[in-house]
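To keep things simple, chains are lettered A, B, C, D, E and F as they appear, and every chain counts its residues starting from 1.
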Amino acid sequence: MNVVHTNIRRPDARIASELAGYGVATVHEAQGRTGLMGPQLRPVYAGARIAGPAVTVSVPPCDNWMIHVAVEQCRDGDVLVVAPTSYSDAGYFGDLLATSLLKRGVRALIIDAGVRDVRELTAMQFPVWSRAIFAQGTVKETLGSVNVPVVCGGALLHPGDLIVADDDGVCIVPRRSVPEVAKACAGREAREAKVRERLKNGELGLDIYGMREKLASRGLVYDDRPASED
Amino acid sequence: MNVVHTNIRRPDARIASELAGYGVATVHEAQGRTGLMGPQLRPVYAGARIAGPAVTVSVPPCDNWMIHVAVEQCRDGDVLVVAPTSYSDAGYFGDLLATSLLKRGVRALIIDAGVRDVRELTAMQFPVWSRAIFAQGTVKETLGSVNVPVVCGGALLHPGDLIVADDDGVCIVPRRSVPEVAKACAGREAREAKVRERLKNGELGLDIYGMREKLASRGLVYDDRPASED
Amino acid sequence: MNVVHTNIRRPDARIASELAGYGVATVHEAQGRTGLMGPQLRPVYAGARIAGPAVTVSVPPCDNWMIHVAVEQCRDGDVLVVAPTSYSDAGYFGDLLATSLLKRGVRALIIDAGVRDVRELTAMQFPVWSRAIFAQGTVKETLGSVNVPVVCGGALLHPGDLIVADDDGVCIVPRRSVPEVAKACAGREAREAKVRERLKNGELGLDIYGMREKLASRGLVYDDRPASED
Amino acid sequence: MNVVHTNIRRPDARIASELAGYGVATVHEAQGRTGLMGPQLRPVYAGARIAGPAVTVSVPPCDNWMIHVAVEQCRDGDVLVVAPTSYSDAGYFGDLLATSLLKRGVRALIIDAGVRDVRELTAMQFPVWSRAIFAQGTVKETLGSVNVPVVCGGALLHPGDLIVADDDGVCIVPRRSVPEVAKACAGREAREAKVRERLKNGELGLDIYGMREKLASRGLVYDDRPASED
Amino acid sequence: MNVVHTNIRRPDARIASELAGYGVATVHEAQGRTGLMGPQLRPVYAGARIAGPAVTVSVPPCDNWMIHVAVEQCRDGDVLVVAPTSYSDAGYFGDLLATSLLKRGVRALIIDAGVRDVRELTAMQFPVWSRAIFAQGTVKETLGSVNVPVVCGGALLHPGDLIVADDDGVCIVPRRSVPEVAKACAGREAREAKVRERLKNGELGLDIYGMREKLASRGLVYDDRPASED
Amino acid sequence: MNVVHTNIRRPDARIASELAGYGVATVHEAQGRTGLMGPQLRPVYAGARIAGPAVTVSVPPCDNWMIHVAVEQCRDGDVLVVAPTSYSDAGYFGDLLATSLLKRGVRALIIDAGVRDVRELTAMQFPVWSRAIFAQGTVKETLGSVNVPVVCGGALLHPGDLIVADDDGVCIVPRRSVPEVAKACAGREAREAKVRERLKNGELGLDIYGMREKLASRGLVYDDRPASED
């Protein structure tokens, strides 16, 4: 059955902004190294950093009809996430859809397929993370669903989960975990700031993290004879 | 038999320029969603938009001898298109060949293989779309042909066909279709400009394209109960 | 056995700088078309050109513990090269490790795996060539070795070999060949400079390289009848 | 948090057997073209056809410790499904683990990673669908979870969902849908049997499915002039 | 425009059988190392060797409607060749379509996409060369064309060209070249038979082909000191 | 410089046979999880298990001239290993070269490229592990070297190292390590035989390996409440 869920819960908007600031690597670590989409999802242009609740769209291969349906479900601050039900690198999305999303205040598009008009998307500064850049057109023949759970970039996503994306890729934070992950990020960032200072001063990670003893106990050997070269 | 066809027909130069302005996505749609090379062909640097008639070169794997032969067949405004007879990512092309092509007024290189000296190509602003960036050198031992039909990026191309390329990729317009495709592009662009204005004003594609009825007749259901999250 | 070789020979630092200037394509050709890592290794940001002796690290899949060990073995001017013992695209390296390497004067990182914090790496202008950009975290559980021969990007590398890297990719010069390769590069560049001038003046490679006779003797045919288009 | 859920609901065993008989293509169609894992999951040997409830294991990259934990959770008739949290083609599974699973009556292994000892697995006739065959060993250092939802082969799977697998690949039937899907399969198979008979008698799909009118209305043209060949 | 060409020329049937006997490697060499589809096209089961004229079908991604149209255009001895207009690994073809083709005397299917029901196809001994095995269903919504030139497996194919396929892959012989290629194959096979006998007797290719002098003149050095091992 | 080393050391032939019996997975583990070529190297037919010293060939892309040179360097019991200097999937090897190698008593071919005539290779029972099956012909124009160190399947190999290959892939044992690895294999196999018996009797790996305490200390939680399904 093809359905559009019009009523999803979203995480607190302020915390979303905060997580955008921490970035993908920190958020991913802070929630126990989970939630990453695969490295095949790359930004169309460098430098964007966003976060927002996901409006999800499950689409047929090479058919972008449901994206038009999903636009209406998007609110200010949302991130649209599009996942085909089987592999496609077709260009589902271009500057017209981006114009419509910008008008509604949508922060970004994440799509496990192709996009086109990337020159225009860059000029508009509408951030997109996609699997491919390809002008291949799509049809509008077959239904899909909006705001259902989807698998995107190899990761499971529910509508209303928080998307965090930057030059490192895309990370999902389950809606209910958002406050706790934000807290963990703050702690992690504080700890890293201190380490960064010490590293800048020339201290070594080996000493800061106290690794030398564990390395020795595992049997690591240092050999100061000239290394063979052949 | 290895042959160099020295006499090819080219489309009207003015229309070529016009098509460069429309861009790959529009041209591809205007000719019935045909003619695209695959998304593996990417620009070496962003921002170039070109169009011109193809001088084609069929080359052996890892052998760039015939590119030197092809240079002589290129005229002002042409696009050189190089297709190996089997897979290769070797670096067939670098700044010396680009220097020679620039001098002859060639607009761009499209190559279903690798290129090198990309820093210099970017500095010269000689646009290249390639499958790979790889310094691997080639030999000059085996003949190929110039201005024969080739398969490049998975698409069939005849010498004299028009190449249109931009950040979205590469599209082929058969020489005889150029005037008619230009006309279709103009129509398409005019229609899109109107749609763009309406989208900027907040109208939805659902309404502009009159999709709601068709969606309902196919059975799309809207559900306003809170979406399950687990 | 897991070992850290603390004593490696390095090539002369002045010649290293000279080779950075020639670039990857020239160096690769000058040493007989050998030494290239594969095209899967790409720079995180464009424009960096470096050379320096390799400190090598053999790491387990998804485990970056040994990189911390290797940092201590790096000196001013070195290039750190990280190779997993089986395929991994995890993010072994981020801005903290880069901070530590910068402090020690390390020129660049080459890694046959993933990196993260690429926005920060770009801001710091710490050059990285990697197989992937991926935030996936790693563990610190299993030993590897430092300054042993490794296979990186499909190429064999010994500690102390010279790494040359630019926008075209990464090339290895065996330590003992460095002086002779530098000489061959100088000769090659001088010859290319002359050819470049002649090409700019409109001469053809066919004539400069004297190819016409060899082409004819191999049987290349020129045909000036209008080429068939279908 | 790493957890082993020891108490999962399983679908009715008789219906599971019935679905194995229908096969992957029929089951996938009967539930609305959903539930397929990607084509990267291939059988280690041809000819096996199985179905059974999934015991799921979420494992770290290159670490098979949790498979040992999962074995204890498997019952007669189950299918073990292993999904790494990031890409790995390491050999997580070999003949010893297969011996243990066979003893417990487990029907098959589905793993989005590598396996080894495939000669022995074939001799034992223990069916495996995997992404790779690779002898690369794994470690036992990091926890994962058993009987949690996983993404395997790009598809979402809950513990207790029914796995159907044959030479065409692997399909997931959500536990609650099993009876209804079985019914739909029976209907589909009956209809196909009739069509198969008519096709054997030389009738055309065009006529059996009544396609000619729709094709004509969409504008399909038949042209009986000799087709151009060039 | 979508068109079905109902009138194509086919090569002489007797010569087709002869070429099947020579096999793909010999035919490819005999026509100057041209005509191969890429190695991504693999047989569904080992051992089939076929040849026959191509009935071509250009299909949209994930839409198999036109295959039903094409069946009607196939005659005894033909080979059906299906090429999507953009990448798809969906399962366009299964046992029902194979039943229909077998009834009409079609020799094989070549498809640059996915197939399913491979257990049944193997049992029926209907040979298929495909890019993928995947149960993913397709729709019947969008027109394509029959008996137009297509690019399949990266190679250009016209309707009526001869397809030769075996365990090594798929080769295309242009219709008009069939007699001349058959003759070249006979010559090549006779020469190879003699070489095979001499090799069986222990003669070396180096001597049979008279390579030693050319190798020496290119500078090959033999060194009988113990080879370094490190 | 291109060189043929005619004098390489080989490991003891009896130990080679013994290692073939242990198989790739055991050998790889016994030498500390090292020496594997990547999973892209697959056997042309299932069931072969071989071991023997490597005669190595470094070849240019798409040029098989040096294989003819290498045949002469092969002795009874050897394994020929062919590695291109840059990526190629061309068909370097077919039934004529196999005839010649069989006559000389060569055990197998390992090639990081393509082969052809696989039907004949299978009929002759000449075992081959390759990256691709592809009929694409090669040329004989450019020199390479025989019995030099090569990188094959991503792994470093010296001439005279022992190759072990079976359905799991290909493993390299450095020549000097052969006796010690054989001993480690014997120990490993004895231990595995005992574990296998205990697993057949229904004991669990968790208990045999004493894992329960370590799992608990790392924090693994068992939860016997009904697992959530949604």
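The rule is simple: a contact is a pair of C-beta atoms (placed from the backbone, for glycine too) under 8 Å apart; a residue touches a chain by one contact, two chains touch by 3 or more.
Please read these numbers as outputs of a predicted model, since none were measured by experiment.
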A correct list of chains touching both chain D and chain E reads A, F
Larger contact count among A-E and A-B belongs to A-B
Taking each chain's centre as the mean of its CA atoms, chain C sits from chain E at a distance in Å of 39
When centres are defined as mean Cα positions, the distance from chain E to chain F in whole Å is 30
Chain A residues touching 2+ other chains are 1, 33, 36, 38, 86-87, 89, 134, 136, 230
Contacting chain pairs, sorted by label, are A-B, A-C, A-D, A-E, B-C, B-E, B-F, C-D, C-F, D-E, D-F, E-F
The residues of chain D that touch chain F in their complex are 1-9, 65, 68-69, 71-72, 89, 91, 94-97, 99-100, 103-104, 114, 116-119, 122, 132-137, 140, 143, 147-148, 158-160, 175-176
In the complex, the residues of chain E that touch chain B are 1, 32-34, 36, 38, 85-87, 149, 151, 154-156
Seen from chain B, its contact residues with chain A in the complex are 23-25, 28-29, 33, 36, 38-39, 42, 46-47, 49, 166-169, 171, 192, 195-196, 199-202, 204-206, 209, 211, 215, 218-227, 229-230
Touching chain C in the complex, chain D uses residues 60-62, 86-90, 134, 136, 139, 141-142, 228, 230
